[in-house]
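Shared between the two complexes below is chain A, which has chain B as its partner in the first and chain C in the second.
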Partner chain A sequence: MSTNNRKILNGYHVIFLTQSTMIGTGILSLPQRLSSLGYSQAFVPLLFGVIASISLLPMIWISSQYKNDNLFTINEKLLGKPFGKSVNLFIVVHFTLFLAGIISNYMHLIQTTALSEQSSTIPVFFLLLLLIYIVSGGIKSIARFCTITFFLTIPMLYFLRWAIEKGELSHLLPLFNFNGSQFLDALKKGYISVLGYELIMFYFPYIINQKKALKHSLIGLWISIILCFITTLVSVIYYSEWQLKNIEYSVLHLFKAGEFTFIERIDIIGITFWIFLILSSAATYLWSAKKGIDSLRAKKKNYHTYLITLAIFLFVVIPYSREYQDKLFKLSYQISYIMLAWPLLLAVVHSLKKKQVKQ
Partner chain B sequence: MNRNLILFFASILIMSILVGCTDKELKVPLEDVGMVGIMAFDYIDENSFKLTVSIPQFSPEAKERAQIFSVTTDLISKGIVEIETLSDKKVVLNQLRVVLINEEFARKGNIQKAIHHLYRNADVGNKVLLAIVKENGEEMLKAEYPDKPNVNIYLNDLLQPSINTAFNPNTNIHDYMYTETNPVFDTIVPLLEKKEGKIEMDGIALFKEKHMLKELPEEEALIIQALLGRKKLAPLYLELNQAEQKEELMMDLINSKVSIKGNKNMESPKVSISLHIEGTLVEYRGGREKELVNIKGITKLEHDINKQIEKDIKEFLEKLSELKVDPIGLSENFRMYYKGKWNNKLKEEVISNLQVDVQVDTSIISTGTLK
Partner chain C sequence: MKFNKLKRTIKISDNEETTQSKSSDSNESSQAELFVNHPEADKTIEKIKNHTGRINDLIFKKIPTDEGIVTVIYTRSLVEKMALQVMIFVPLANHINQIHQVSEKLETTNFPEILNRLISGQTLLYFHHTNMLLCIDTYSAPTRSITNTETESTVIGPQDAFTESLETNISLVKRRIQNPSLKNEARTIGTETNTKISILFIEGIVNKDNLDKINQRIDKLHYPAFSDISILKQLIEDNPLSPFPQYYMTVRPDSVTNYLLDGRIAIFMDNSQAAIVCPTTFLEMFISVEDYYNRWTTASLLRMLRFFGFFLTIMITPMYVSALTFHPEILPYELLLNLQESRSKVPFPPLIEVLFLELIIEVLREAGSRMPAKVGQTIGIVGGIVIGTAAVEAGLISNILVVLVATSALLSFLPPIFLMSNTSRFVRYIFILSAGLFGLYGQMLAFAWLISHLLNLNSLGTPFMSPVIPRKAADLMDSIIRFPIAFLKGKKGISNSKKK
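Up next, the complex of A and B:
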């Protein structure tokens, strides 16, 4: 395949890919994850934004050194075939688990709110079918799906109106009412909600204007960060500290505050609409995982997608203990943090290799 | 091509045979769902309570417009299951509108746990209204209200916000949970009393921590709403006793605005409250009827009204300070500047030492179109 027709993502695609991948189930429970900070959590997402922007730099840098390779190939090139491949396998397994975590989390929510009298096997099946459909169109179709998702779901911000009306702005004071360990706890639990931007290392080779990729992905990143900020801000002014700590899906309860004369339970509409956000972020992860298997087997096959989807389905549906399931998902969340630091390591290896070549 | 055709027919055949494997579905049609509109809790003893539900009856053949079921239980969902054995319908809570709690349950029972259960339940919305019932909730549901369509609609409409019952805090499940778990607030809930053929809203119930403490009359409840910053308030009735002669007046309030400032000092807490109200003088009875035709007379009356309201608010806040309760959330003005975790004890400290400075500014916009 020539390198020219691989470049298919324009600036808007990059913006919305970054943006939509970040917003998934994480934001639903973000206020609860940050609850160790109490009311002072309101501005924390902005801090997350700064951290995310900084950690984006090495990702873009290492990708721009290898303009036509995604992270899997870079791993192999820099770390050698055997080690690189085993790292890649690890990433693929991690993505599969992570995806299973996202989907099981969302399905759990749907089960408790909208479909309380039904087991979730069939909805999971259809969700995964849709996912395969989106992913089989390639990264460009995912990017387009992300764009439409953004415009379809952004009106949901209106549903926050009632909570804002009822809220007390005085909750925002005092501003920094927490200590170091509380902050670290919140950082550990909450940062997972803004993950997703690191996938740019996988679709970077498809970007047309790679020099501006940093700018575009930063725009997408900050759109998401501002959405997270709005969520925590409204939660803080609407809830008491106890509620922040104990309401698992705080966005759901924010939607519950409102009522139209013709619709009573806005929360149900909001939560079922959320499926767009789940699909858009899951699709990018699935696509990256598929690329991983492609590079592992050095072949491009469509059934790689089906394989991963099947694994996810089994993870979500097979009734092994929930405790064990949770442990696995937690593990994969923690691995995500390693993924953030990974490009730094690669950058070091890269510069060492360069030196060697010069010598 | 041929192979595809065979595959196609084979799959259709298999699918049609597979239909036999489905379970017979137990989906309940809408007519057979009993949607609970009102739930009432009555105190029996520490561990058990009487749960009464009212389900609207739509069948035209039935004599009564609402089905009422009562069971004695210790868990809410257990009670609902028991009610299902009494009812001809499947009982669901999706349309719950009002929760009644009798006074004894509020004073002694575990009301917190009951509301927590409803708050947790995803079927129940957050806009379910709460009310405390004097005496007995079951009797209130079972009583006859001949001129009302049925008790479900009646109670729900009664508890909805309305200008003439602006003292009503319209506490719903979220408000209850919010004020109950927020250490700067004490919960207030409207209080209902059954009269012959009707239900009367009779002041509010004031909670302290988990239990009901006492009831407050309408006038004091109105002060709470005014200080909470409610814009549209009920018509205000005032008695002025400053002059030699007793005066009575009624004002329609058009707008009210409140600002509360704390002095940020935890040792000697002080708040200054300034309340601005605008209204129309609707009726007046007293000695200065003739003076009220010109602006000078009205200004003097405004001045007297200010003094009277200031006095009322001060007296009420002193009472709260003695009871160590804070339904208005005055201690929020101190929490905002307090480093560390705020708790109920700090609130009580602030409230019991609180000094208040009240400034009321009334303006009578009009007195009607006659001179």
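Up next, the complex of A and C:
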């Protein structure tokens, strides 16, 4: 089944889809995840950016070979129907888990700060309802939501001002004071924060100017990388090494450095406002997962979205132990790394198949 | 008009008029008797009378002329006496040729057509001698004169507003754009009311796809009655279920002119004061035409006030609810103390307190707009005092909340489009309830809903929130900040105009 041939995403849409999908809850805990590098973590996001840019190349390449197909269809075409479909099912399950991870993380955060006296069941329910509403508008409407999210949330950078004023600039030096294993550890834990750009393999067929897709997604990717860079930079300036290691959502506490006469806990506003970032990245994932079920069942039905959302709801709400939940979500994070390498495998299969045809 | 040249005068006072079935007069002139009536004549008149049945203000008047007896048939409520005198009776008496030159011939047996002509204000002339039916447009229903606008008044700029007459409204626009490219397509809608509408656009500037779209939507209409253009608007809007108006509605001719020149389409309806302009954007709901008459600095300031005022009015009172119900720690100690002190006597939780006061304001507003003007003032003052002082002293509400609710009520009246200020009031309740449920989290959830809803809306197929990113310089120059007039030459992105 090939996806709809209507091209609807322009350059701006691609930029902000890439950008907003990358920024979610990950960035909030990025400094802690990178804490094995100590103060030297400040510039690591830039390295991540380089890695991400390189891993983006095979994704765009394989997508541009099949201009009207998303990854699900490409899988079926290259790997054969049975194997392709089982891979697709795997991806859908992975996305569902990943989404559950994002939402559960965020709700956990909301419960610790804003809604400490309520259970999270009903808030999660409403969040998912809203998510369905956004996704039902289609990828273009998601892209527009991402765009507006960027412009709404970017003023939050201003609140870093006080952290810089109160911090210690000398924390930034020396620049690269870590060894290989420390870096790999940070990479494993922290790279999750910049994931999201791989979804271009799913919305690529909808892009109008596919030749410039690489450029546009790179712009989006680097906007996010620079935002991550700013956060780690300011965190390093503001916090001590011990704090970096032990404060879970250190970025949230950066807001608290601000002093106003009329407002005390600005972080509560910050974290509730973060819902835009959560929704924008979750919507893109949910849309991709829905496309997955569409391709599995070879039918386009709205209730596919509801099915996935129901699964997410159950994952988040069912009261099994937090350790087990974390394990599950961690597993899905690690699968994400496979997703990054997946296009490489597909590229190899693709070129082998081409050779076969030529022979 | 040379009344003094009349050879014969014809009195047409109501007393003398023969309504329905009065027989022919005895004072027919001898000249007329020279003509022999057509054998079908009496039957035809009888048949018309039968078909027109119980329409009581239909007048049948027999007049002797140089061409024999002529029965003049018209609807009294749709034709002014003066028009009748000048266009029918004087020519009939003196220059009957004129009648033949300006009239249109009708089939004497086509009764539905005859009836249609009569109820649309035309006058029929039946010549008994030749069995001929002529028709002249004498529609001259009473209209009110052009007055100031009460709903969209401005300090600077033209003060005239549309009236309920289609012709007057079109003339108000046409005298502002004296350009042959300004077209108005007439159509009739309403299966029962046969209401006249007119679609105005400037050829060469308007986007033809937009025009086709609006025509298709009007074609598909099967609605019996249109008492106001807002009914038409709700029927042809892209999303009729949304709380947001997706087309601009205005009673100001200068505003319509501006939009027409930008490549939009304006729709006018007979018997309706406002005009629809489409497509429009969300931002344009906050643009008053006065912005172009003010200095650009003042205009920009006012626009920002209106635009951000919309978001403030839906956020202020919900903020109070969520801060006091869920996150008291958000407020600094002194402010919290102050708030708690003012709330110390209040028995209700913040949500009920806010809803209570908001509803009282709604009641005051609604009562104020329904009451006779003289009573309204008094009741307004009494209501204000009751809420402002007595309710606080009675310990029903906190005085800080009075300030917040009053501010947000005032802010809700900032948008120049009244429908938009109604919408802001409705949306505020969604925000208050969600703040009552989940505090700030609920508020942000509602805000995200609002944004995604607005992003999903279309106005005539064009995104209502466009431009999220300004695509054209013109979009940027005339947005929240109004650049100096010299910069505002380009057509906006939403018009999709071919002309730059």
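Simple rule for what comes next: the second predicted complex is superposed on the first by the 354 of 359 C-alpha atoms of A that agree within 3 Å, B and C clash if a C-alpha of one lies under 4 Å from a C-alpha of the other, contacts with A are read in each partner's own complex, and residues count from 1 in each chain.
Simple rule for what comes next: contacts are C-beta pairs under 8 Å (C-beta built on N, C-alpha and C of every residue); 3 or more make two chains touch, one makes a residue touch a chain.
Please read these numbers as outputs of a predicted model, since none were measured by experiment.
In the superposed model, A:S86 makes contact with neither chain B nor chain C. In the superposed model, A:Q243 makes contact with chain B only, not with chain C. With both structures placed on the common chain, the touch criterion links A:N302 to neither chain B nor chain C. When both complexes are overlaid on chain A, the residue A:F276 reaches chain C alone and has no touch with chain B. More residues of chain A lie in contact with C than with the other chain of the pair chain B and chain C.
Of the two partner chains placed by the overlay, chain B and chain C both lie in contact with A:R265.
Using the contact criterion defined above for the overlaid structures, shared-chain residue A:T147 touches chain C, although it does not reach chain B. When the shared chain is aligned, chain C comes close enough to touch A:P123, but chain B does not. When both complexes are overlaid on chain A, the residue A:N209 reaches neither chain B nor chain C.
Across the superposed pair, chain B and chain C both touch chain A at residues 264-265. Across the complex, chain B is touched by residues 38, 112-113, 116, 168, 170, 173-174, 177, 239-243, 253, 256-257, 259, 264-265 of chain A.
Of all the residues in chain C, the ones that touch chain A in their complex are 326-327, 329-333, 335, 437-445, 448-449, 451-453, 455-456, 463, 465, 468-469. By the touch rule above, chain A contacts chain C in their complex via residues 12, 110, 114-115, 117-118, 122-123, 126-127, 130, 133-134, 137, 141, 144-145, 147-148, 151-152, 260-265, 268-269, 272-273, 275-276, 279. Contact residues of chain B toward chain A in the complex are 122-123, 125-127, 174, 177-179, 181-182, 332-333, 336-341.
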